[in-house]
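There are two complexes below, and they share chain A, which is joined by chain B in the first and by chain C in the second.
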Partner chain A sequence: MNRLGVRGASQWSVAWRRFRRNKSGIIGGAIVLFFITIAIIGPSIAPYPPRSYAPLYQGDAGQPPSLKHPFGVEESGIDVYSEVLDGARNDLYVGLAASLLTTLIGVAIGALAGYFEGAVSEVLLGLTQIFFVFPALLLILLFARVFSVLVFKGLGLTLIVLILSFFGWSGVSLIIRGETLRVKEMEFVQAARSLGAGSMRILFRHIVPNILSPVIVIATLGIAGFILTEVAVSFLGFGDANTPTWGLLLNEGFPFIRTDWWVSLFPGLAVVVCVLGFNLMGDGLSDALNPRLRE
Partner chain B sequence: MIPVFLGVAILTFMIGNAAGNPINLIRLGLRNPNPAVLDALRHYYHLDVPVYERFVFWLWDLLHGNLGVSISGRPVGSQIWSWAWTTMELQITSLILAIAIGIPIGVYSAKHQYSKADYVITSTAIFGFSMPTFWLGIILIIIFSYDLGWLPSSGASGISFAWWGNPFLDQIAHLILPVAVLTYVGLATIVRLVRANMLDVLRQDYILAARASGLSDRAVTYRYALRNAISPIITIIGLGFGASLAGAPATETTFSWPGLGYAFTQAASNLDIPLVQGITIVITIMVLVANLMTDIVYASLDPRVRID
Partner chain C sequence: MADRLLEVSNLRTYFYTEAGVVKAVDGISLDVSTSETVGLVGESGSGKSVTAQSILRIVPPPGRIVDGSIKFQGEDLLQKSEGEMRRFRGPKIAIVFQDPTSSLNPVHTVEKQLTDIITLHQHVSRTDATKKAQLLLERVGISEPEKRLKAYPHELSGGMKQRIAIARALSCEPSLLLADEPTTSLDVTIQAQVLEMLKQLQVEFEMSMVMITHDMGIVADLTERVTVAYAGKVMEAASTRDVFTNPKHPYTEALLKAVPSIKRTRTLEIIPGNIPNLIEPPSGCVFHPRCKYAKGICSREIPALEKVEDGHYVACHLWRELNLEGRAN
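Right after this comes the complex of A and B.
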């Protein structure tokens, strides 16, 4: 508050004003809202329950798109429209949960590796680099196969979330480490230190809040990335075969692409539009939160 | 680099051990396993010694280029080299095309920021960035292979029938669709990066100084701006190339392209642990080499960076 009792615009309201003026960012945000709505109400407006073969008994198996089945029917009798609606909930769950988890792990490890010097930082950086050079997608496939067959049956998509997060945090961690290295030499950190603040207080109360902008952008773009990864994993047949996801539909449609193009087209379009929404929103946030571009 | 390599080796080895005992998998395929044969296999896979000793055996073999034998009975090493070559053929062609097309487009887009062309370029790029690569492949197969019949839909070469009448053209025909897909997706990333970095650099004072000293627009753009904008891009391209060595398993599967990614997918599906370990470690070594080469290129382009 200044002397006139008027509150200056906060950092977040400035960012919101900048974001609002960014046309593509707003379009992205609208797409994201649309898919969140579908994720919430989708299963209740879907004409058939998840994994239902009912159209088979109505003689509609393998039908192209029609008024009754807007996105057509699989050869096995699954209604593609219902499954695309259900897929929104499941794919958003994987994207949001995996992005949240990797951001938490990445920020914790990256901030510690950037703030401390000596052995702690060396070990954490080494660990991050090992995970960074690992061919993550391949190991995700392997783990999904091993764990779903041998260890955790019935965890469903949560298993995929855990595996994606386990192999997906290293990029976040490297960026956060760089940001921490940059911020920790700034005056306000020295000021906090000279007032006697402890390491953990400085790190998580002073440094991390100041690097929240890149964290928000990374997390948003991460949702897009993890949805794409989940789609690839399920397409290859390593996902959860009992939960409708867009990747699973693409997997089931692939043997029939010569005849049943609709099983491949519509789930793929859903992926493209949804991921595009998160990417546009992430770009918009990145512009809005970037202090170098501020007027 | 050596500690990272050791760490990766240990993790790869542990993954193999966590995934199960290869003897049990072999035993599944035998009706009346002979105990002597199982003992011999156990000895062959060093399953009769403690795990740390087995790691030393494995690392020793690895350093001598011996990656063991897959559960199908074929040596892992020779199989991997043929897949690695097929993957590289695809990835290097796409990478070269993506760089050659992406850099001029990105520069143009940055120089004409907010023009119509810039909007078209950036929206095309973000679409490529948001698309599952393999899905684009499926759509192209439906259009160009099945509807129009112009191009083959799968494999790296024809078996009984050569496209366009000769073996060399046949290989080109098989490359076109997968290369087109990977180039578009790679292009999207490169255009976005070049544009963003060029916009940053073009705002700098030394660009103004170069312009004020009367240099031609071309010289300012390419010799002053691009050279400074490109160094961070080299790193990203290098890292991306490393990642692409894993062979984009979904894209290779879509085109039945006999590369590392497709092979790994099959091996993981069959839980062929020696093969899985072999592919993982070979890809990791190639990624480490690619990263080292990136650092060298970076240092040679940017005089501020020197390798000690």
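Right after this comes the complex of A and C.
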């Protein structure tokens, strides 16, 4: 490696070099970029506004894919193409926000549980394990229903994000705790302590930056996971019926799956390709950031 | 003595492991005066590093300081709270570890590692801290310091990393530097350079130094007084000259004989056996199983640290009757 001192390779540029050589990772990254682009520009290029029944009045209800309606029309008159484009923004929002939130909670709780000894660690670890063994999907459905019926009229996407995050941080936390336990034994931690650094400074300036690699991988794979969970919640009819998501389209297409296959096929494809993209990218990042494989 | 900077007396640091209580440090005493370099010598496992960690109160669990006192500038460090201790670590007492590859944080640049400590203890701006970091790098003999500041540890050689670790330890101008085998992980040629530099820095910074090592050559070169430790106990403490020319403890003699000589006037002797199990240390004198002079009393009674003359102490039952061989140089 560069010993001559010229501004050399930080671990991130080394990782980027490795990532670039990884074909499936690059394909995943391209898919992700594509969906992010759609999420940004989708609603402005969609022919119809969200949840619009306009095609019904044009006599296009239940039409198969055509030039006018590339992904076909639902029996209710909703244009599937517009809804899939809108769904990209909504599903990505849920995936990114829930993954970000669970990563933050998981890193904070996992790092504290790993760094401290005694009561703090026991309580946090116990809490994490309780959340880990919850039947998460069932509780998510229950909370979604309770909130949408009893507390609020309808269920916004942000509420879905909060519910998903509330039940989704424990896996991250357990991994981060393990990583913290490993890193805190390293000598630079003792060196920081020997120079007067306090616990929080050691934990968040010295330990956590050293476990960012697994955090990034977990967060990326988490996005895919939360998109799938949101799809499941909406498909089962527990989501927000006023906001187009891919899961909602699958839910609406299911009764007509024998005749109007296009209502299920296109959002289904979108889910598969998008989740595949995040997973490929996550695996690519995992290989690129894994110190054991570094040359 | 007038300027007693550090006074460790009868320190006991035990590790409460599942296998039992490991008495890593079992009654070590050590004192350091202002601007003095004191050696702490012993084999691996003799409790040298744990003594240094105890002075800073950074013994990792399950280790605990169970007895003794550590007085620094007249204040008892063992009575301090963790928060108060933090103000001693860095500005008053600093430590350099053996392996710079693991003691520097791999994800931070040299600049960040240095300025982090400077801004932690001193009210200076980031730019002033960076300037100070650059000056420190110059003082530890690093060329092109402004470029090196931007480097990550893995881009630097071992010798350079140790210089940076030393710069970091000196960044808050401590009055006492604990050097825990600072050259053990370096090439021999780099070792000499780093030792020479430490010698100069000690004078420049007007600080005291505890040189922890197993290398009698380093002891001869740098220290004025030496404490020889074995299995967590003090075997002998004396001026460096006395330790070399007039050793009173068989272990000291054995250590001296284990140093190769250029003149080859004698064969290199090794010390038979290993350092004892510190969970159940040998009865009596801890060194007796490996001591070639051992007698019956050695396995029965623990020897007290006796005064040979002013400044020369030894813990051996037989020191009066033995005529040990030193080294003349």
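The rule is simple: the second predicted complex is superposed on the first by the 287 of 295 C-alpha atoms of A that agree within 3 Å, B and C clash if a C-alpha of one lies under 4 Å from a C-alpha of the other, contacts with A are read in each partner's own complex, and residues count from 1 in each chain.
We take it that contacts are C-beta pairs under 8 Å (C-beta built on N, C-alpha and C of every residue); 3 or more make two chains touch, one makes a residue touch a chain.
A quick note: this is a predicted structure, and the numbers were derived from the prediction, not measured.
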Taking chain A as the common reference, can chain B and chain C both be placed on it without clashing, or not? Answer clash or fit. fit
After superposition on the shared chain, which partner residues are touched by A:133: those of chain B (first), chain C (second), both, or neither? first
Let me test your reading of the model: by the given contact rule, A:19 touches which partner, first (chain B), second (chain C), both or neither? neither
From the CA centre of chain A, what is the angle out to the CA centres of chain B and chain C, nearest 10°? 100
When the two structures are overlaid on chain A, which partner does A:232 contact: first (chain B), second (chain C), both, or neither? first
Answer with first, second, both or neither: which of chain B and chain C does A:266 touch in the superposed model? neither
Answer with first, second, both or neither: which of chain B and chain C does A:209 touch in the superposed model? second
Touch check for A:250: first (chain B), second (chain C), both, or neither? first
If we overlay the two complexes on their shared chain A, which of chain B and chain C does A:279 touch? Say first, second, both or neither. first
If you count the residues of chain A that each partner touches, which comes out higher, chain B or chain C? B
To be precise, I mean the smallest distance between any C-alpha of chain B and any C-alpha of chain C in the superposed model; what is it in Å? 13
So which positions on chain A get touched by both chain B and chain C? none
Contacts from chain A onto chain B in the complex sit at residues 126-127, 129-130, 133-135, 137-139, 141-142, 145-146, 149-150, 224, 228, 231-232, 235-238, 250, 254, 257-258, 261, 264-265, 268, 271-272, 275-276, 279-280, 283
Provide the residue numbers of chain C that touch chain A in the complex, in ascending order. 53, 56, 58, 60-61, 86-91, 94-95, 97, 99, 102-108, 116-117, 120-121, 144, 147-148, 150-152, 154-157, 165, 168-169, 171-172
Within their complex, state which residues of chain A touch chain C. 1-3, 5-11, 117, 185-188, 190-198, 201, 205-206, 209-210, 212
Looking at the complex, which residues from chain B come into contact with chain A? 3-4, 7-8, 11, 15, 18-20, 126-127, 129-132, 134-135, 138-139, 141-142, 146, 242-243, 245-246, 249-250, 253-254, 261, 264-265, 268-269, 271, 276, 279-280, 283-284, 287-288, 291
